[in-house]
Amino acid sequence: MPGNTFGNIFKLTTFGESHGKAIGGIIDGCPSGIKIDKKKINYELNRRKPGQSEIVSPRQEKDKVEILSGIYNKKTTGTPIGFIVYNKDTKSKDYKNIKNIYRPSHADFTYYKKYKIRDYRGGGRSSARETVCRVIAGSIAKQILNNINIYAYVSSINDIKIKNTYDKIKVKNIEKNIIRCPDKNVAIEMINLIKKIQKKGDTIGGVITCVIKNTPIGLGEPIFNKLHAELGKAMLSINAVKGFEYGSGFKCTKMKGSEHNDVYIKDNKTKTNYSGGIQGGISNGMDIYFNVAFKPVSTIKKTQYSLNKKNEKVKFKIKGRHDPCVLPRAVPIVEAMTALVILDYFLLNKIYK
Amino acid sequence: MPGNTFGNIFKLTTFGESHGKAIGGIIDGCPSGIKIDKKKINYELNRRKPGQSEIVSPRQEKDKVEILSGIYNKKTTGTPIGFIVYNKDTKSKDYKNIKNIYRPSHADFTYYKKYKIRDYRGGGRSSARETVCRVIAGSIAKQILNNINIYAYVSSINDIKIKNTYDKIKVKNIEKNIIRCPDKNVAIEMINLIKKIQKKGDTIGGVITCVIKNTPIGLGEPIFNKLHAELGKAMLSINAVKGFEYGSGFKCTKMKGSEHNDVYIKDNKTKTNYSGGIQGGISNGMDIYFNVAFKPVSTIKKTQYSLNKKNEKVKFKIKGRHDPCVLPRAVPIVEAMTALVILDYFLLNKIYK
Amino acid sequence: MPGNTFGNIFKLTTFGESHGKAIGGIIDGCPSGIKIDKKKINYELNRRKPGQSEIVSPRQEKDKVEILSGIYNKKTTGTPIGFIVYNKDTKSKDYKNIKNIYRPSHADFTYYKKYKIRDYRGGGRSSARETVCRVIAGSIAKQILNNINIYAYVSSINDIKIKNTYDKIKVKNIEKNIIRCPDKNVAIEMINLIKKIQKKGDTIGGVITCVIKNTPIGLGEPIFNKLHAELGKAMLSINAVKGFEYGSGFKCTKMKGSEHNDVYIKDNKTKTNYSGGIQGGISNGMDIYFNVAFKPVSTIKKTQYSLNKKNEKVKFKIKGRHDPCVLPRAVPIVEAMTALVILDYFLLNKIYK
Amino acid sequence: MPGNTFGNIFKLTTFGESHGKAIGGIIDGCPSGIKIDKKKINYELNRRKPGQSEIVSPRQEKDKVEILSGIYNKKTTGTPIGFIVYNKDTKSKDYKNIKNIYRPSHADFTYYKKYKIRDYRGGGRSSARETVCRVIAGSIAKQILNNINIYAYVSSINDIKIKNTYDKIKVKNIEKNIIRCPDKNVAIEMINLIKKIQKKGDTIGGVITCVIKNTPIGLGEPIFNKLHAELGKAMLSINAVKGFEYGSGFKCTKMKGSEHNDVYIKDNKTKTNYSGGIQGGISNGMDIYFNVAFKPVSTIKKTQYSLNKKNEKVKFKIKGRHDPCVLPRAVPIVEAMTALVILDYFLLNKIYK
């Protein structure tokens, strides 16, 4: 009921504030006997970390996960996996001047009103720093799901948009540029735009597309826990996300039934895949794909106005090292949350066998 | 874990197939001492029912809820509320010819593969008939939340779109036409389009917008159970929904941070409301609003092709009485699911007081 | 969180008051394709029903279950099983004189204080009438678990106690007498004692022993959801239960480790079975057995004293048709709750395979 | 669903093996703004720790909790409380000789069969070392429940039994002796018996009684989550527990209804309290009390026989530093689990206000 656990069978619970001693988590329900490679976890953490390129926050978090339990001789034992990442580069003093200010479109106001207390240092629990734990758990999930292929990429930044549909892009190109867009030329345009915005102290949003290949038929628990409903919740739980659509998404509203229906052809494939691999909330074996909308980061470097705790109007400027665009670092987070959902529903589906 | 329960504290569990004896549900966790008016439940059921106008299915389901427990002398007792609706107008024979066919973009294939059994009569559990139970529970939730105002309306059908934003529409106009669009002229256009499509045996989709006014500050349980994440899951669990966006939604991706940030002005209000009333996953007291995309109904009256259980190609035509457009009947369903989420999170939030 | 759901995967949610229109429930998470025999459900209901013999309440509840969904052509479909039992022989007027009185050792006082409302008719939700739903769901669970053998019996009434340990009794004798004690002579003594007590308008308690044979190795989810912890909770949730012990139980406190340790001998059996078939919270394949203590029924026919809602001292006598001893009718309830736990943990354990 | 989480609102999830790097946990759902005194946590850890007296294991675990999040300026913030205790005095080599042996009445066999993997070092996850985390969370719960008084004590060791009932003992005497029995003379007898048993390399069991004073009226969630059912589950989840009884417990089976009924007298008190403060699963404001049976520790220092993984008969002797009797160290664990249940149900009950 409280909100820091995700999943039903493969269950992640996390803790930690951006400027506290450490962040970490516990994975419960992990099947036993599975080999876990820590290098793969660190690879994912590096895809998420700040300081990785010129278009993200220059903060240097050399995040290294320490696994405390549940893995013995490199294999999962079936007992809970405890893990921890100590916070290092935490310049709390950057936040002193905004201690009593409700930053626009941040969670300062709502956390304070809900909990009547405020850990002003870097957003505390509401900081995207917590996504480190999602990435760690997601990497473990990915290693268990090794036959199911999950990848995400940046498909648009502001008005700059990739032309190819999800099934036409070159997956191996995703990691070849710092924006994580598989179309080289579009990527260059995106990077240039971000740099321009960054110089002005402003920020910008975009869309991440995620694809799941080789999902077994049968994942999803209707009627309330439909597979896409859980994927939607997982994505909407990520900081800065404002929208989710799967398959034909919002575009479906402009199509007729006779165009939109996916006709079954041989081998239980469908001719088109507007359904996005899910029908009636259950995977049908076709590719699953969905889009996630990310807003422009709320932390801008321009002078802003707001209220403080005393309800007084204030003028202020945020210091610190922030991202002009969250998208490139959000790609592994989208993949991680996807892996958590798919593994959870994969394990749940074993019950029916 | 199995998927037929929604909610944490105010918890709805439902049962029933479209062509079985009855459908129904149990609400657990309902606070005691609250007056429930059955007429209000029936009002909502009438908004949902088929046969209500010329642009929906002509099927006549005179759904009347029977409450079996949990309400005594018209007041809730704190014990579970059991309710039942008997199925009446169920022409199972309409479905005989498609008994072994996987209808395109329906759940026939996935249910059969998951459960190895098929109740072919009218989609069985995957039929939207189950939403009757959502509407009943939602109406009870609405009666408990009487200070919080929830209303939805059709904001687009295919390319026809309402011009006003959510805060400019006239709420009292919503129920004045059969499409449930608050703009009279746009409503006429929408209705005409649906009639045209209907004549061709085809179907069409659109967008429903939902607004919540007077939400108390503090609802939402970060980091995984953010208020909008739960609303998104609730909406995505409704039949035919393909997308969800709240506040600025997908449009946020085209804005800069300096434009998108909602500046706090006096009395803890914000000047703009791109955040859609939710920051960091917690309600901030401003209006909550979101869009839900509905696909064109999969059941069309045209000749279609598909596979049957033996993997043979088949040509078929669906009989029966179906909706050319699900939107007008989906309005009360969107409101019901919204009420379930808001009440659940309202009760959860009491714990912090 | 609210209390009317039991189980994790095979999940029973129930509703209904003793004197309302109906009681019923929903089973979610039932595997598909399993044949369910309604006669077996009615057999269990008959073992529970009042009026079955001279030593139980003469009330005549001809309980017949109506299954509303989830079973098609006699087989489970994987969708939720809704069921209902209409209340018939409900003499509410029997309760008028105690409308405002807190009956001693009943739940009148606590329900009223918690929910601020009282459905005085027959105890409302706190009545053991709700166990009808447990027996129905338990019978379905038993049919799914057909290789696992669950049986319970009365092992003591007051001071009269069966001599044989659980592994020496004759299972087929249990149903041969109205008290459900497998030792014929002890049964006669018990019956005579109950009759004597009944004549005085008093009531009496006892112990039910339950045995589970052929449990697969590996059921149980440490560290908090140990198999015996869940069995304990299941038993303690039954009306009138005051204690639970498994394996050596309270007697273990009088033994030394060297006596109590169960030594593994060939074929993974243990020489003794003080562990009661569970070690570290996980079944080890040996017989599981446990005892459940039932208090003397609170409803006696003698003149009693108590307070009423106004805090005034009152003298009163309870009318109606009540049980002098709940044990014979509780045997199928103990079995039902056991079956629910075992099936739930059996399904959970599939995840590790 | 997996078993390493306890509680619904105030939710503890733990990780850690006895001989891994660390053990720890996350408390989610802790109300904000509550002052937490770390000294009180350490006080409870010291009551649990080995090496505290001559009648417990001489192992020296200087357990000190490190709190990593959720507490800021000594007050809870409403965000999850992460905590960790590093393992220090872990002599894994003590376990090498039993690496492949199923120790009698331990969890070696069942964990191995369930998870197909064995961390043989000191029992791994099944070791009572995990109770450190229960004690830490329990101490935090106690500090939140500061008006509700929870205390436990040793009421019997083998045949030596305290004479006074729970309401007659002197609470302040409990901590005055190393066995934690409030009757000085009985304590001496108990201690002498344990020493005698210890010399023989054997072990011994007993009963712990727990009392809760000043519980508000209304805690408990019928029908399945009755307060005593949850307390029972909590106790049965503790290592070595074989039985639970509350109020009159198993003795109720020897009483008549007319003796056992608790008559309400003025101020909503009852004359007797056989109900143990709970009626219909809901607290009635009277003292709650219950007994918990602990078996003799399975680790004895005598030569034993068993099977190894190859199903061969083996003769072996366990080395290491173990408890002859777990009772004195289990007292704070019983209190901790009680505090977790009471706080959880206290928070749940707020929903009804």
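By written order: A, B, C and D. Residues from 1 in each chain.
Quick note on the criterion: a contact is a pair of C-beta atoms (placed from the backbone, for glycine too) under 8 Å apart; a residue touches a chain by one contact, two chains touch by 3 or more.
It should be emphasised that the depicted structure is a prediction, and the values quoted were computed from it without experimental measurement.
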Smallest count of steps, each to a touching chain, taking chain B to chain D: 1
Classification of the chain A:chain D interface as same or different, half of numbers criterion: same
Far-end chain from chain B, centres as C-alpha averages: D
Centroid distance [mean C-alpha coordinates] between chain B and chain A, Å: 27
Chain B and chain C, separation of their C-alpha mean positions in angstrom: 39
Inter-centroid spacing, chain C versus chain A (mean Cα positions, whole Å): 47
Per-residue multi-chain contacts in chain B, two or more chains: 1-5, 8-9, 14, 29, 32, 78, 114-115, 125, 348, 352
Contact graph of the chains (line, ring, star, complete, other): complete
Residues of chain B that touch chain A when the two form their complex: 1-6, 8-9, 14, 102, 104-107, 109-111, 113-115, 125-126, 130, 156-159, 197, 202-207, 217-218, 220-226, 228-230, 232-234, 236-237, 242-250, 252-268, 270, 274-276, 278-284, 293-300, 302, 304-307, 311, 313, 348-349, 352
Chain B - residues contacting chain D, complex: 1, 9, 29, 31-32, 78, 347-348, 350-353
In the complex, chain C residues that touch chain B: 1-5, 8-9, 11, 13-17, 20-26, 28-29, 32-33, 66, 68-70, 72, 75, 77-82, 84, 111, 114-117, 119, 124-125
